[in-house]
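What follows is a set of structures for review.
Same chain, two partners: chain A is paired with chain B first, then with chain C.
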Partner chain A sequence: MELKIKYFGQIAEVTQQEEESLEFSGVLISELIEQLYEKYTPLKNKDFQIAQNQELVTLETQVSGNEIALLPPFAGG
Partner chain B sequence: MNNRYNRHIILSEIGQEGQDKISKAKVLVIGAGGLGCPVLQYLTAAGIGTIGIVDFDVVEISNLQRQVLFGTSSLGKNKAEAAKKRLEDLNEAISIIAYPEKLTHKNAIGLFNQYDIIVDGSDNFATRYLVNDASIITNKPLVFGSIYKFEGQVSVFNYNNGPSYRCLFPSPPEKGTVPNCSEIGVLGVLPGIIGSMQANEVLKIILGLGKALSGELLCYNALNNKTTTLKFNKSESKIDTVLSKKKNFHTYHIDEFCEVDNHIISIKEVVDQANIQTIDVREAHETPKIENLEVTAIPLSELEQSIDKIDSEKQKAIFCQSGIRSKKAVSILKTLEITNCYSIIEGALEIKSYLKEQHKVLSDER
Partner chain C sequence: MKDKKIKNVFRQGAISSEFIGDSIAKHQAKTSIGAHNIFLGQVRADVIDDKTVSAIEYTAYEDMANAKFHEIREAAFEKFELTCMHIYHSLGTVKAGEICLFVFVSSPRRKVVFKALEFIVEAIKADVPVFGKEVFEDESHQWKVNN
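For the complex of A and B:
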């Protein structure tokens, strides 16, 4: 299936884009993250949470939506 | 009749009744920096009855690009005190208390208990987790805002039994991996936007107006004006862990409480150490098997039931197929209070080929 992946903050700096379309044939969010780790190795060193269709999910969640977001924490003030 | 709040009072949604609620409210603002300044400015103008300002830092020339309460006459002065001075000119009818000190585990609970709502305008993860945890323990709503370059995040935590910061980001990222404004820069107007959103949430909570950003994280991008709102749920276990530290909260040290649990190491560091237990959290059927290194196999699905296999005396280096499950294992072990755990960044295949290479070098030398 084709997924729309959105990147925020430092994650968008690693991927050098704020969103992209990606072909995904797996089942779980963890498989999608593995696919992204392969595409963008420095992601492995970044902390982020994952949202699917605007809701936070875990690695064990099944990919069912079409929009995935990778969200890093910010501390600046 | 005092005309100052007329534009609030003539709003049927607020009225004199709402304005009275505002004047009875007590709000504590952590940090009088980029976010704190607009928050304080609008809350003071709105007539919040009591405003506390915690900041140990002094005003520097590089702050003036975005910290709009200060001028050149404030340079070198404590931020909490300089802000108080400016705000008293803005509204003399309210009570403003400056705390020119660092927020710590020792003073947080006592301070938070004196206020109704906490606003986080701090600039580092250690303080943010401290503010969150102290808000949970004192059961105060927390209006959160944070910024990175051209992007901001806003949310409301611990509101009406809602989720907290730890339900969104369970633990702080590794030290030094997320730069702050002083290291990487920030668009000056961005904290103005995000801080104003925080002030708006404070007023909504006090007035019971609209829908607070509880269980939602608003992400704002100043460059394309896009806002994205992401929903997240409460994690009872994360909240319980914080509550379990209530009794001894004052004894924690800031770095200790904000302990980094996403420790990552490389297989290259693992092989050099003697006092280390290497753990494979893959399921039994997964390949390749690792040779040339002593490995304890504990599949992730059995980890919590198998902690007797873990050597408490040693450092733990955990790996899996790609580095995802090993990270997860480290955070599971942390919740079980097993410390000194590290996730190996390489996956099994890379580990195997590295060890093979090392073994070959050693054999050749012999």
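For the complex of A and C:
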């Protein structure tokens, strides 16, 4: 399936873009993250949470939505 | 007064003292209110390794952030007897000394507004996907992390 991946803050600095479409054939979020680690090695050293369709998910969550976001530590306020 | 519609909390740039003053003035018509409480987040000129923060550039996952702000609003109205509440957060560049977060709660009585404001501000810090790039005077930067 085709996923829209969004990157923010210091994660977007690593990926050099804020959004991309990605073809994904796996099942779990963890597999997607592995795929992203292969593409962007420095991501392995970054701290981030993952949102699927704007809800936080874990690595064990199944990929079901079409919008996945990698969120670095929050800094509001 | 519950409001089901998701509002856009974000404002471009710093939140001015005029905007804050106008918000207070608008509440004079709501005479059931006996107590307001206001939180203003201000950009601090932190000194890190001899370099001084001159501004923070805010970005956000805006759709998710506005949904989270809405959840926090709903939770606050559920938990506390509030007449109204308003939240505004900056996007883009906010210089040191300028205001980046404005939270305004109102209630018939005072005790509730102290508790409500703390609840709301702490939830914003912990749960809302807003990101801050701390820009130093020499234009290098680091990323702010809430703790």
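Rule of thumb we're sticking to: the second predicted complex is superposed on the first by the 73 of 77 C-alpha atoms of A that agree within 3 Å, B and C clash if a C-alpha of one lies under 4 Å from a C-alpha of the other, contacts with A are read in each partner's own complex, and residues count from 1 in each chain.
Keep in mind that, in the parts below, a contact is a pair of C-beta atoms (placed from the backbone, for glycine too) under 8 Å apart; a residue touches a chain by one contact, two chains touch by 3 or more.
Not measured: the values here are computed from a predicted model.
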(Q) On the A-aligned overlay, A:T61 touches which partner chain: chain B = first, chain C = second, or both, or neither? (A) neither
(Q) Is A:S30 touching anything from chain B or chain C once the two structures are fitted on A? First, second, both or neither. (A) first
Q: For A:F8, decide between first (touching chain B), second (touching chain C), both and neither.
A: both
Q.
Which partner chains sit in contact with A:F74 here, chain B, chain C, both or neither? Use first/second/both/neither.
A. both
Q: Would you check which partner chain A:N45 touches, where first means chain B only, second means chain C only, and both and neither mean what they say?
A: first
(Q) Which chain, chain B or chain C, ends up touching more residues of chain A in the combined arrangement? (A) B
**Q.** On chain A, positions contacted by chain B and by chain C
**A.** 6, 8-10, 51, 54, 69, 71-77
Q: Show which residues of chain B lie in contact with chain A when the two form their complex.
A: 31, 33-36, 120-125, 128, 145-149, 151-153, 168-169, 172-174, 177-178, 180-181, 186, 191, 217, 219, 221, 224, 228-233, 262, 264, 321-325, 328, 345
(Q) List the residues on chain A that touch chain C in their complex, please. (A) 6, 8-10, 51, 54, 69, 71-77
Q: Going by the contact rule at the top, pick out the chain A residues touching chain B in the complex.
A: 6, 8-10, 18, 30, 33-34, 37, 44-47, 49, 51, 54-56, 59, 69, 71-77
Q: State the interface residues of chain C toward chain A in the complex, per the touch definition above.
A: 41, 56, 58-61, 63-65, 67, 89, 100-101, 121, 124-133, 143-146
